[in-house]
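Two complexes are shown next, each including chain A; its partner changes from chain B in the first to chain C in the second.
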Partner chain A sequence: MQQQPLISASGLVRSYRASRAGLLRRGPEVRAVDGVSFAIRAGEAFGLVGESGSGKTTVGRMVSATLRPDAGTVALLGEPFAEPMPLARRAKVQAVFQDSLGALNPRLRIGRQLEEPLIVHGIGAAERRVRIDGLLADVGLPRSLLLRYPGEVSGGQRQRVLLARALALRPDLLVCDEPVSALDVSVQAQVVNLLADLKTRHALTLLFISHDLRVVRHLCDRVAVLFAGRIVESGAVAEVIGSPAHPYTRALIRALPADRPGPRRTAARAIAAAPDLATQDLATQDLAIPDRATPDGAGCAFAARCAAATPTCRRSAPVLRSLSAGHEAACHLVAAR
Partner chain B sequence: MPDAAPAAFPAPAAPAVVSPVLAVRDLSVAVGEGLAVDGLDLSLAAGETHCLVGESGCGKSLTCLALMGLLPAGARCRSAGLTIDGRDWAYRQGRPPPGLAMIYQDATASLDPVMTVGRQIAEALPPDLPARARRREAEALIAQVGLSNPRARFGAYPHELSGGMNQRIAIAMALAGRPRVLLADEPTTALDVTVQAQILDLLLAVQNSTGAALLFVTHDLGVVAQIADRVSVMYCGSIVERAPVATLFAAPRHPYTRGLIDSLPQISRPAARLASIPGRVPAIGARPPGCRFRPRCDRALARCGREAPVLDGTGPRGAVACFNPT
Partner chain C sequence: MPADLRLAARLALPARRPAPLVVLSAALFLGLVLLAAAGADLLAPHGFAEQHLDARLQPPWLAGGTTDYLLGTDTLGRDILSRILFGARTSILVAVGGTGFGFLLGTSLGFAAAHWRGWCEEAVMMLVDMQAALPTLVLALAVLAFLGNSLPLLILLVGLDGWERYARLTRGMVLSARESGYVLSMRIVGAPAWRIHLLHILPNIAGALIVQATLNFPHTILLEAALSFFGLGVQPPATSLGQMLGLGRAYLINAWWIAVFPGSVIFLTTLSMCLVGDWLRDRLDPTLAREPGAGRP
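The block that comes next holds the complex of A and B.
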């Protein structure tokens, strides 16, 4: 029998009203997340990959119970999030976001900010001191940092402070939204290694949200690729990146910078290699922002960018179909292959 | 480490810079008491793509801003020997040298929000151009950077365009002055990966058609691997290694270069752990004596604490500033 997932999202939908229509006119409704479902097993690192506007941050906020879905549910060990959420349950899911400066109070010493969640959850002073020492050791920060203010320490150290604060309540699930994107590559490697260590040491389950497939490849066990608010492909990381099925996943992988220098890639070569990107009409939309003004669900959202799109793709939206054990893609052409 | 580069990365002959289009000698920028850029030498051949790599705080951006004469308040240019296309140029604050143009990381912020992008491009064109030719030229540049319907785009404001489109406009503006050297400071860092790929392609295409040299500042070694001819690795204001790109990746000599390359996650070769460089770049006032990389270095010798190594370009494998290179 299959183990019950630690966290499961089913049919998540969340819309925003676009503000750009004008000062007084209300903009059209945009479905940032449009029917996203996934399940993460305990101890697993699950990557959620997509470009700006794909809805990945909105998914992260719904899973970490900081945003209510319009439809769909998130369940922790089979029990759906309720509102208001009991304190003890809220502690089970913690989140770390990209902007470490914005996530900390600039006027409070770091020590105080680490202590706060423990105070809120009624943990005594002696126990708090023990826990904070343990947390500092976990994330590799010196005690002297406790007396500093967030503005006085480096970005990498702040990201560790956020990690420590998120871990303070011993959560089961840690949601990380682009936690390393703002860091230099050497510091990024330190934080990625730290996350991998924490995962092993504390049997932590991770929802790791990122635009960087390279980092996801290193840290995660499974990955879902998000496009225009829907999952277009998911599966084991090695399989999705090694043999991507969806044309969007393939385009994302092709667009990655090289690992090592090879033959000089000229513009012509790169465009020939990525026809689905090159033929996009820049007059209508920028590439990164798919047209979601029509939330009626007609057609595949990627069809406008896809070189292989057929009339079927423009007529009906593909659903996720299983390709092999655990590997799914939402593409009419993949199913036909 | 063998002396010859592994066959997997056949190293092209290092492009000898016979008559450089840009030659920088002993560029120093002071910030407070310390030197953020400390005696930097650099030369670029026409058509060359030269990547300047390093972590935040290494002085990469200040190097570009100093070359442009656009240092921020608090930073002073101490010395700068600058030769562009054979002509010497003295540093003047607020006066970009002729033949140089720069592209910034945040294109949307670098454009004027209340002026149409077309007018901004037109203003960057040579001043002697008549008005009608100016508009025609600006539209041609908009088309050249890959935006459709240039006539309509001419009248657009930056907020109406996406980040990727604004970076294209910034490139068009840079091209308007017909530069011999393009400086690009992390121009794709804020962009999505598919848009980044397009902007990189565009920069290389533009470079092909104009023959300009490109000095590309980045912290992403993946981008370096993809576009560079030669690479200068910068640490604490100085160049610590310089080599053709294939040589640099196949056989990095400075421990810092090796650390940077090893800490880059690779899509084709995932490792259980990423290598990382311990510690971080010291602040200008807190630099150690001797070699500035010593506290983070796993190959440091006693000598490294006493003396600062200088960039030695006499060997066959590029130049390195290290007493104990690999």
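The block that comes next holds the complex of A and C.
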């Protein structure tokens, strides 16, 4: 029998109502997340990639139980993970968000903000001091930072503070929603390495949400590609990035800047690996945000941008099919191997 | 945060710029008024209701009067200075009590409306609209006329004026703060709603509420003055600044001091309150205070 996943999401659906159309008429509903399922094993780093508006953040909010799904469930070790729940269970899943300035209370000193989760969980003052010192050492911040206000420290330091705060309760799963996107590249690398380091040291499980495939490749074991609120491809990072099956994944990989000047080897190899699709040209500008005002419109959401789309693609939505062990894609054009 | 570090911070921080002179004088004036009001029994040269019919309408000392009555006397020969001291006590009590009551009521209802959306919010907002549509002065006059007059009732009534502004302000700011990242972070931690509201949202919206209170405070003083002017506020022989102003109005031409002195105290108190409140808001906001070069000429 397979090991029970630490966290599993099944059939998550969440809709938002678009801006109100009129006084009496309600605006159209937009399905931000439309039937997303995945499971993350303990100790694994699971990447969730997708463009802006693909529903990544909404998935992260639902997994961290701060947003109630319209349908579907999140389960932690097989038990539903949803509010209301005991504090101890709440602590198992913590999160770090992209906007490090917004995620910190501008009125409270950083020391107090690190202390806050510990106070909420009823940890005594002496123990708090020890734990905070430990956290600072973990993320490599000086003690003097405790006295500053969030507006007084750099973006990289703030992101470390967020990491420290999220680790304060010793969670099993850390949801990282674009934790490095707002940082410049050199600081990004530091924070990503720190994250990898913390993951090993604290036996963390990660749900890493990003639009940056390079960071995901560096950090994650498995990855799921989200498009228009649905997972279009998932599998081991090496497989998904090394031999992408879905046209959208291919386009994402093509859009990657080269690691070093020269031919884009990964992407070129990837496209060559699937000769039936090799001829299609998915320029980056084709990857406009899909129009999801008509979520129930039949067909593949990607069909409008897909050069290889057939009448079948426009008629019926593809489902995830297994390509090889653990590698799945939702595309009519990708036959099971 | 460890205490040793906090102390270190206090020592290490460069001295804040001292408050501007205007604010200092305003604070000084407020302090004096409070002190005078509190110590009226000791400071007043005469009783506030003590009549000296042989010394009616005495001008102030420097305008040809005597040192017996420094600020002159009114139509019944009562010492203006003494009456100002006692009147300020009543006025400040009513204004502080009323502002405090309105602040507490409005802020709590605003928080409640933002927290329990749905029927609670509907009910609060309906009350807010009713209060905003109702002329407070007329309501207060009606209530006082029916229920008779007492100081607690007066405080309650002037407090009712303006609570809806706190409520509306609070609700709006809490609703927007609830969407912020720092509140989300506290929810993930599992912090209870009261903690999020009191410890995390309140400090962030306190600045605007303080400003609202300092704007409302003069309003409260003036409302009390208006009610007393109509004869439904503070009842003689007790006195208040508004009541003195009302009595002095008829004598502005021949005995200006009866109205001008209490009027000036009202004016200066409200002005000082505004100045201090404004400064306090800037001072309380670390994002404003620490901006490099902020507020420097």
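Keep this in mind: the second predicted complex is superposed on the first by the 301 of 337 C-alpha atoms of A that agree within 3 Å, B and C clash if a C-alpha of one lies under 4 Å from a C-alpha of the other, contacts with A are read in each partner's own complex, and residues count from 1 in each chain.
Here is the rule we go by: a residue touches a chain if its C-beta (ideal position, glycine included) is under 8 Å from a C-beta of that chain, and two chains touch if they have at least 3 such contacts.
What you see is a predicted model, and the numbers here were worked out from it, not measured in a lab.
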Which of chain B and chain C A:Gln190 touches, first, second, both or neither: first
Partner contacting more residues of chain A (chain B vs chain C): B
Chain B versus chain C as contact partner of A:Gly326, first or second or both or neither: neither
First, second, both or neither for A:Glu51, with chain B first and chain C second: first
Which superposed partner A:Ile253 touches (first chain B, second chain C, both, neither): first
Partner chain(s) touched by A:Val215 [first = chain B, second = chain C, both, neither]: first
Chain B versus chain C as contact partner of A:Gly78, first or second or both or neither: neither
Contacts on chain A seen with chain B and repeated with chain C across the two complexes: none
Chain B residues within the chain A interface of the complex: 9, 55-56, 146-149, 152, 161-165, 191-198, 200-202, 204-205, 208, 219-223, 225-228, 245-246, 249, 259-260, 263-277, 280
Sites on chain A touched by chain B in the complex: 51-52, 154-156, 184-190, 192-193, 196, 211-215, 217-218, 238, 241, 251-262, 265-267, 270-271, 274, 277, 281-283, 286-289
Of all residues in chain A, those that touch chain C in their complex: 64-66, 87, 90-91, 93-95, 97, 99, 101-109, 111-112, 115-117, 120-121, 129, 143, 146-147, 149, 151-152, 162, 165, 169
For the chain C and chain A complex, residues of the former touching the latter: 1-2, 5-6, 8-9, 180-182, 184-192, 195, 199-200, 203-204, 285-287, 290
